[in-house]
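Everything below concerns the one structure shown next.
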């Protein structure tokens, strides 16, 4: 009995359990998103998608894929820089999984409500860029190198619109803590429709532009179509992922989908109101409301992937620097003005 | 920023397709029904074959292997000359080489070869793709009636 | 220590990359196995950063020796082989060849056979252009037109199969017309290979589906701004250069030269129908895409008109059982979906031609690549290759 209590109260066991929970939940969500993408993409193309793995709905397809990758040969090219090659997928995956720590599922359910929640989330998500660079460099392969450099250029270019869009929200909410931002939308008197008691999420009180900029930048950060030049399959074989197989490839793959979840969760929290929904008790329904909003955003990301072709590297950069950054700066200016004046 | 509408109109097309039934024929649970003239496999009617070797000669790939021998038959009238009749020993089509062009079926003067739409006969090893005359005779059951024509 | 192996040394030299970051003057080898080179095409590109300095296409990986084969095969056998040159448009490859042999023999093809040939050729053109519409956006990253175009291509292929028995390799042309009967024996001789019942109705329905999928892909792709950015102004072929290099087909028409062999030559009765030859203005990838889209619609309209006015009659002119073509020499060119396909047939009398020279469309279309790609960006290589719509079987024969 005392051992049991000691297990749950000791620092290290508790930390271990929390880490395990974070990793399991994020990877679980990643698998669900992979399945959703396969099915949604299939139906949008008038086909069925996974069917046989798991009986008629094919829900076991991502699991089957993961198991297949696990039993593949672990190939490290002879000329590759072995240590960097091995660490790269881990860095990428760690970066996206760690965002989970600050996502508020309900007023009492958050792994750690950091005061610098937003700052932490964006910073740790951009550590993934280093993983991409490491992968491209260490593969000792011309294709991978070109892919890695293109990826790095793209990711760095889109960091700025991402951060500027979020900065406007931070200014409006007045706090960087994720929980604080949700509370600013849910329970603040300033943004409530008078008489009805319904609070409006930030997207409806002037942050539409920031939301659009954030979503575009998020697509670019994740290397999704229309910005998936780094892994453009039909162009340079597989870009920086060419030499990766087996479990390492799986880690990059999971990192992309976990990243989709992470950035959608950040967007849902900052712009759509997080766990708040008028009329529903946040303590019980909070996580479901957040999941619903995240699912909507993930659906839009998949929808865009299915419909649009991809952009060329210079067009991508030109959109980031010539359009998104000025628009995000203007938005920040307007938000700050409103905040001070009103 | 380039104008947005073109991008969004395309999104509507994909959403609309998602809400409709998929067009997939879920093989192997559902099978596609092929047209009667579809060239799937060649069937042999052994009774009609006179070992004239026309099909083996005209095949562009030389994938038909025919062996036969001449048998003596009693004369038509007593005292006449001995007749010979060609008998088929072996008739094999190598489907690993066959081009499915149909020239053999077309040139056969005796209605011994027929087309059939049956196509599910893949094997694990190439040597099993050589169908001997017994197997070719089995395919006869799958030969469909010729389709009615446009008047 | 193993002996000196030059390949290992070259590999070491290649991986100098890990020592110095060298992105100037890199030799990039695309292919022969590459998802978007339409077959086994190898492009040795000297690249500096993202810009291509020079490109050298290496072909021949798919050479199957058609012209040598034609020296040892009879005319019916060659007809069966020839629809594998450009395997996407099977029927269209046979047309010029049988027309060449018919001209040498002086055969008159009956009306109904001509109409059937025309309908099947236009269906093959639709099938080839639908394949273009599915693969070109896929190379640019859009995965959906692939499925939409192939879904409706299946209807067309099923129609072709209903008449001829084969989807890609119909082998339906015979000298003097189309295949008249199922076989040579007494029963099979009576089984006419004429159009099966329901063919005309199914064709009309398939044509409406073709129009619909053209509109769908129009909405998805033609209006899409990202697509415009990827294809407008890329890979411009001026009209004089196109004529100089022997580019033909939709590529030539996109450069502004309104030249279509179906209007110029008379191997099939195209002049009986109302249809236009689409042409572009600039000659970039976008124009080539638009020209093919419009050609699809025109082909569908030709099929509609042909199906409404098909005459009755025999399927083949009277030919002897064993075909011997009198001595002579003829060059016949036809409008293959990829471009101009020509057959130079030299016959010395007899069952086997003396020489068959095949002028394939994709070979000449590909010859413009070194000039076209000299200042392109690496992602544009893919867009340009896709828009030229060549097939390696056609290039290498």
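When the chains are written out, they are named A, B and C in that same order, and each has its own residue count from 1.
The rule is simple: contacts are C-beta pairs under 8 Å (C-beta built on N, C-alpha and C of every residue); 3 or more make two chains touch, one makes a residue touch a chain.
Quick caveat, the model's predicted, so the values are computed rather than measured.
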item	value
Per-chain CA centroid nearest to the all-protein CA mean	C
Which of B-C and A-C has more C-beta pairs touching across its chains	B-C
Computed distance of Cα centres, chain B from chain A, in Å	54
Length of the line joining the C-alpha centres of chain B and chain C, rounded to whole Å	27
CA centroid of chain A to CA centroid of chain C, Å	44
Two or more partner chains touched - positions in chain B	7, 10, 13-14, 17, 23
Shared interface positions of chain C, touching two or more other chains	144, 148, 151, 220-221, 224, 226, 229
Per-residue overlap in chain A, given as positions that touch at least 2 other chains	44-47, 306-308
Of chain C, residues touching chain B in the complex	73-74, 76-77, 80-81, 144, 148, 151, 158, 161-166, 169, 171, 179, 181-188, 191-200, 216, 219-221, 223-226, 228-229
Chain B contact footprint on chain A (complex, rising order)	40, 42-48, 51, 303-304, 306-308, 319, 323
Contact footprint of chain C on chain A as seen in their complex	41, 44-47, 79, 81, 137, 140, 142, 145-146, 149, 225-226, 228-229, 232-237, 305-315
Complex contacts: residues of chain B adjacent to chain C	2-7, 9-10, 12-14, 17, 23, 34-39, 48, 58, 60, 99-103, 105-115, 146-151
Of all residues in chain B, those that touch chain A in their complex	1, 7, 10-11, 13-15, 17-18, 20, 22-24, 26
